[in-house]
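Each of the next two complexes has chain A plus one more chain, namely chain B in the first and chain C in the second.
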Partner chain A sequence: MAPSQTTYSPSMEKLVKSLKGQTLEASIESFIYLLKRRQVKGDDCADATAHILRQVVAKSKWSDVDQLLSRVQTVGSRLAKAAPHEPIIGNIVRRVMGLIRDEASEDRNADDFGSEAASDIQSLATAIAPPSHSGPPQRPGPVPFRPPPLTSVASFHIAKPKSMFNLLSVVETAESTITAASTPLSQAAPTSIHALRSEVLDGIEEIMDEISQADDQIAGFADIQIFPGDYVLAYLPSRTVERFLVKAAAKRKFTVFLVSLENPNTTTGEAPYAALRKKLSSSGVKTISIASNGLMAYMARINKVVFSARVVYQNGGLLVDSGASVAAQAAKAHSKPVIALGGVYKFCPEDPSDEIAGEAGDSSTYVSYAEGLKLDSLEVENTVADYVPPELVDVYLTNLGPQTRHHLAAIMADHYKPEDVGFSFLSNE
Partner chain B sequence: GRRPSILIVEKDIRSSIPECFSHLPMAKRIPLSQVHKDVHPAVLSIGQQMSTFAIKDSISRLEATLKAFRKVIESYETPKGNSLSRHFVPHALNPQIEYLTECRPMCFSMGNAIRLLKAKVNSFDIDTPEDEAKEGLLEMIELFINERITLAEFVIARNAAKQIQDGDLVLTYGSHRLVEKTFLRARGDGRSFSVSIIDDPYDRGGQVMATTLRKAGIRVFYSPNLGGLKTHVERATNVILGAEAIFANGSLHAAAGTADIAVAATAASKKVIALCETINFDRERVSVDALTYNEIDPEQNSAESFRLLYDTTRDHYITGVITEFETGSGNSPAQAI
Partner chain C sequence: MSSKQGGRGGPAGPKPKKPARAGAEEKREDTLQAVVLADSFQDRFKPFTLEKPRCLLPLAGVPIIEYTLEFLAHNGVQQVFIYCGAHSEEIETYIHESTRWSPRSAVSPFSSLEFVRVSDANSVGDFLRDLDKRSLIEGDFILVHGDLVANIQLDEALAKHRARREANRDACMTMVLRSIGDQPHRAKDSRVITPVFAVEQGGRCWQYEEIHPLMKERKIVWDPSVVELPDWEIRADLVDCGIDICTPEVLALWSESFDYELPRKNFLHGVLKDHELNGKMIYTEILESGYAARANSLPMYNCISRDTLGRWTFPFVPDNNLVHGQTFKRIREGSCLEDNVVIARGAKVTNSVIGKNSKVDEGASISSSVIGRRCKIGKNVKIEGSYIWDDTIIGDDSTVIKAVLANYTVIGQGCKIPEGSLISFGVTIGDKIQLPPDPIPRISLLAYDKTPAATDASLVGEGGKGALFTEEQDEEEGSEDGDPGSLEKTLFYNLENLNLSSHSISTLASQADYESDVDDSFGSFDADENSRAARNRLSSFASDDSGLSPDAFHGDAVHGLLDALRAVDNGDFDSAKLEFMGLRLANNASDSSMRRAIAVAFARRAAELMSPEYGGLEPTKAAEKTFNAKKGAVKFIREVGVGSNETNLQAEFTLALQKALLGVKGLEVGRAGTLLAAMLQQLYNLEVLEEEGILSWWGDARAVENEGLAKLKEKCRILVEWLENADEEESDGDDDDEEEEEEEEEDSD
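Up next is the complex of A and B:
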């Protein structure tokens, strides 16, 4: 089914609102409920996960970095397990965990500064902990003298008061890092905890900003990708794709082929994408709504195919809405470029899962069991998610600009800590 | 007068067709009051059924046309001073053909049959007695229905059924009479296999076939749309597709979506078999994309939706074509016709 905004944004608003009034546990439970009922989907999952983790950092009790990491990981696992079909949840959890690790090591480094005795051990610890690769502009690795992260607020660098207590805690930190990860990373002073909390909260705010701004930033590249006179096939246009098309329409005259999987017999009332079509036509862009699943028939006319990724896997494959792989495959057969849209928060440092692609959905919308087709006599399979292999994707258009498959690994390394990449939120360990 | 009103109606129907598809034809309902007086009642009836897609696939349309033409021939009387071989085609047959074409663009098999029928009329001597000529035409139609439709279907189903082995999971798209016959034949031959039907949600012919196959004791997996196609194709052992026609360059003309199945199957290295009677082969027309020859779905022709009925599958996505005469590759169009 087409992800039209109207179907899930009300529950999303309600959720965010409820986060303020409820206890943490109640918020988590209500989010899990919405996830299981699939009332929060796709991009909203990312946003809602960030909201929940923000509450975890703000409200739950923790006295050191390890405890905080473990709280975030536990809640993250619960969310991920509630919606195994939304790997984007894991992305956000990893981002937040990476953020905490960054802030914690920054604290340590700042403290270090005043203690020469600890600095040797500290540098040893840094050497043992795998450093993050290739100097990311967003989240630099743990280097002693570093500029404030671009995405962080400058107030981070206010020097903390130094005391004997701090000095001790630093030494402990370094030792424990060497011995075992399960023992506390640091037992910092209350002031330091307080600072860390507010730094992490700020960091999560920034992730939320990144999510909310991604669509606009992606749309900013629209006029590079779309030319006057183009015939663009938009498969199940998401909000990201809608914004992209509308932005392009402000500058270019082209034609959009809208394809929806929506079943004509179950569609009631308003035609699909009526609002989008109205917006485009007011800019002089023609739209043609294709009532077909097979797209080979139209591909001779098409110049490029655009759809949004639910998730971009580390191999460059995509998790997409059902049927988008047919569009990509038809484009390939006709050598037409495929442009996949998605912010870097959709980059998932995992391998594609066979189970997620081919996820089964409600079949009763397609088959009327009243017509004599009994459940036991026919095995009806309605998939709602598809996998697009990397060789079918030409351009990954992110909020950081267009990327090729070969550059994905560097972006992944910039955004996730190696110790979080290997963690599976779905396993029971 | 009447004429202008027809033009206005026609313009309205076609006005919602996007410009880039405006070269393609579309079936159209013709009010009975506007039908030419020379159109035979039997033809009138099937024309209406074709324009509403009550008679839909190529072979059903061919069969209906031949049977209606039989009535046209039976009721034909050569006017005084004329001969059947000179008068029948322009005055009796052509008005029927024009009307049928107006109702819905003619399919390849109808075109082929009509060409053969006209050749037969031309083969008559100018002074062949009317009875003898009519008898010859009726015999030809009889033979045509028996050989090119009934027997062809039987032979194709028999040969295609041999391609199905025990334990196979055969994937197909939508519904096609030859494909259905093949599955039933294979089942009748004692093969034990399953069928995966990928349906077109805008047509849903596959649901009907699914029920039929299920009743015959075949295990059926049904997918209402092309979602998850890759997974379905990878799980299947082979693919059998029905064709509406085959072009001179070996391209398949079939229900829209067929090409998507064939491309996915080829990518997964699965055998793709197409079934087609030789009467559906076109020896003259060549098509490399679906926009050369196609038809617009009149049911989905509005500002909110647009749909093409067919697509073109290039021969390199097809492993083999099974006809009633031979089994070969797509680009060796049957010599038989």
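Up next is the complex of A and C:
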């Protein structure tokens, strides 16, 4: 009997593997508890949420779009409530809801024009649809490319021709779209439901692809952002930042200051980010480790500061790992540019809230439980998330390329439906 | 078997209970099983546990068992067996009604959760022996107690355990322990009994001992085999959170030793002691990070609650809302509030947890406390470091400091609840009552036997309900070392009153003392070389002629014998004798401690027979019944207690009996003396003691060491005179008596 390497602790990978054999409710519940026990956190939440919503669409019973939307919304708000510290969950739920609305309106359009006259339009629509499935990853927001017939149904613009002209027009308002449309859909019964389901599932797959590719795409812009001879300060490099630096190292020679937390409890004795440093030094990039509280002293020497955002709020503010805000302020004081990395899926159409930024974590990160005297005399407050105000961020490097604050609103509008934006998942029903 | 089985719902349907043999091996690798011991057979949480099992008491607003089960889910456990003792109905109802844990629930993280009921269990040992019989366990399993709060990840420990087990089949158990450093620590102060482990480099545990502040001789004698190890440590800085990763062989070991009751004190100590016989190895996994502790006593309950508020148990903190229906949110100053909590303007809440629909009135100040749901806190109330459970009302201007108030208690206006108070379910305290701080108020509606207690109006005031809770008078607990349990029954135990320092156990003896002591015990021990490895938090290498662990032995032995003497059914004393000898060997008890144990056991039994509950026999009758009721008891005393016909040994036994009678609780000295005389006469008649022995005792200076002993002895004068007369009659004019006595006296010294 060979020594088994199985680990028992639950993880998202295990959950994803077992999704098929589980009831939907069990999957949701398992995911909620993974979130609560912090066995899924940070960027992984986005992918995990997409997986769960995919199950919701695939497994739950629904007979029309309203039902599907309300299912997704209920599950979404359950997830968001379970983990108010991860606003990224809300992003994905909104994306999926937007997706459903799009697909539904497309279908409905097809029904409305169920006559032969509409068949050419239908073929036009389907002709447009395929490229969006396997579309260029740089434009992973296939949503805005869809014909915007939502408005046409809701606002008596049925006659409005489906042409290439209004393909690119911005979806303005569509408050009552779905509620107004429930009757025709219920008649549209099985085939279209089936089609809608598979379309939505495909759409969710695309979102998942987008999430998984975002890091690589961001890294693709590395050589534009980092120049030879630069001194780059990477604050608590996340997976995204690591890829970014490694990619840059392939083309450029520069120096990286790795800022890590001073953690008294690291028992391994291994220097933080050892793997990253190895990779960087193998391509000839020097790395210097500094403690988070000493970064101010190095700021004068540094050319740019890089860290990844957990979430980008609509005002341009960032939710970041705690301490990054200090780095950003230090950079501001020295007039150094700050580059925030984060895929478009991290764009959150909400306003920042104090509650989330003040999320408190495990006290033992800074004070070991073994230190009895400190335990009694100190009150340890470990805020794990930080808010960076928009004026401290110079460049938002997304998978769609570098952006400035002024473009964020446009990107948000591209990716979220206005009716979903206003909805807060955290409020009580 | 009255267990309930539930599978995860849905299309898969409930799994067959016993997988096919072929699948068993595979299953062994895949499913992790855990056993939860939801009853620990202790009464440290009384009076609360009279009405509610310990694992359902709320800790930071959540029943303790939720933490335990969540910990198991956190570690990917699939199958759970819960052993319940007292209040098993309540625990089962709780689990079945829980949306998360109910075996019928589709969302349960466990593939199965079963209750196992054992009707006649009296100890944790009985549970585990029962588990062995049921063969529910297929591979390695995790054994935890139902009062565990932990956030650690066991993967590493499991992997190490498995690797060791595969390298050597005898590596049967891994204990997960959390190191808490050598600084003073609240968890250290709270645990009362300090577990001491001798750990070899690599984690193998060689010896286990327990120390508590009430022990007379706080020292540990290490086994020579331990001392000879090349590289070992003495660890007294560990929190024993009771998480054991076990192979099924552990259960077999439990079954082999029918008398083990406690997993640590008996089982671990015993198995390690006999490692040469059973060949088993037990390992420790000492964690330097993470949180793990058992709320197994009120001080620990207090400690864990504070750790939860301080977020050391993260992610198991109130604002993570682990239990369905909770809506805690964290607000400024470290407090967590649930929905619909009303805090009036001017009230101050710091570092506290307040449950749903509670109301805090103007001017109240609450700090470092947990307040349950639907509580009403009046105006200008001051609450500090207290645990107030659901539906409690506290009147205006009252003060509650470091107390526990259970559900539905009502505190009137202007009351003062002093430190350490335990107010049980439904107690009402009238207006303007200042509870006396001494004795520490434990107020309950029920007496120890669960009958309603008569309200003590002088204590709880007019309109109040409840009376001071007192322990059952337990005559058995007369052990000279005191009962550490008594310390654990209060929220904050204070050793100052006892004139002891909690730190004295960790003072380091000077190097010189240390070496000389060691040299006494083990001549070959090279202190300098080996002590470098040892964390000398204990200065306990003193040699002790009374045996290795006299205290453990004494308690167990006296219990065993008393049980045998009391037993109504079987008239056979041989099994008791066998058990006694086994204990003696296990503990390597000396002759003197054996004698003491036997004397104490018989003395207590005799005293017991004189007490009204047992018929209130006359001393002579009692003595006669004590010795003659059981076949073999006399033989046992003759062979084991006395040992031989030598006069000095007989005198020693008489002395031991005398001291034992003096030590019996609730027996006045006069009656004790009469009883002693009766017992001696009985033993004389039974030819266990000869007149030489008794007379030798009569002349012994130690028999009059103190006033009590002298009084006892005085009562025997008639007997001795009678013996002397008989003697004279028998051997007329034998003058050697005096001389003999002198000699024997010297011998026996």
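Here, the second predicted complex is superposed on the first by the 326 of 429 C-alpha atoms of A that agree within 3 Å, B and C clash if a C-alpha of one lies under 4 Å from a C-alpha of the other, contacts with A are read in each partner's own complex, and residues count from 1 in each chain.
By our rule, a contact is a pair of C-beta atoms (placed from the backbone, for glycine too) under 8 Å apart; a residue touches a chain by one contact, two chains touch by 3 or more.
In this text the structure is predicted, and so the values were computed from the model without any measurement.
In the overlay built on the shared chain, the residue A:L261 is in contact with chain B alone; chain C does not reach it.
Of the two partner chains placed around the shared chain by superposition, neither chain B nor chain C is touched by A:A58. Touch criterion met: A:T23 reaches chain C, while chain B stays clear of it. With both structures placed on the common chain, the touch criterion links A:G294 to chain B but leaves chain C unconnected.
Shared-chain residue A:Y231: touches chain B; no touch with chain C. In the superposition on chain A, contact of A:K36 is made with chain C only, not with chain B.
Once chain A of one complex is fitted onto chain A of the other, the partner contacts of A:N382 extend to both chain B and chain C.
Using the contact criterion defined above for the overlaid structures, shared-chain residue A:Q329 touches chain B, although it does not reach chain C.
The interface of chain A with chain B overlaps its interface with chain C at residues 265, 358, 363, 371-373, 379-382. Chain B contributes residues 18, 20, 199-202, 207, 210-211, 214, 219-232, 256-261, 263-264, 267, 289-291, 294, 297, 300, 304-308, 310-313 to its touches with chain A in the complex. Looking at the complex, you find that chain C touches chain A at residues 8-12, 29-30, 32, 70, 73-77, 100, 106-107, 109, 153-155, 158-159, 162-163, 166, 178-181, 183-188, 288-291, 307, 310-312, 314-315, 319-322, 329-330, 334, 351.
Here chain A touches chain C in the complex through residues 1, 3-10, 14, 21-23, 25-26, 28-30, 33, 36-39, 82, 265, 267, 355, 358, 360-364, 368-373, 375-376, 379-382, going by the rule given at the top.
Taken in their complex, chain A has these residues touching chain B: 231, 255, 261, 263-265, 271-272, 286, 288-301, 322-323, 325-326, 329-330, 333, 357-358, 363, 366-367, 371-373, 377-387.
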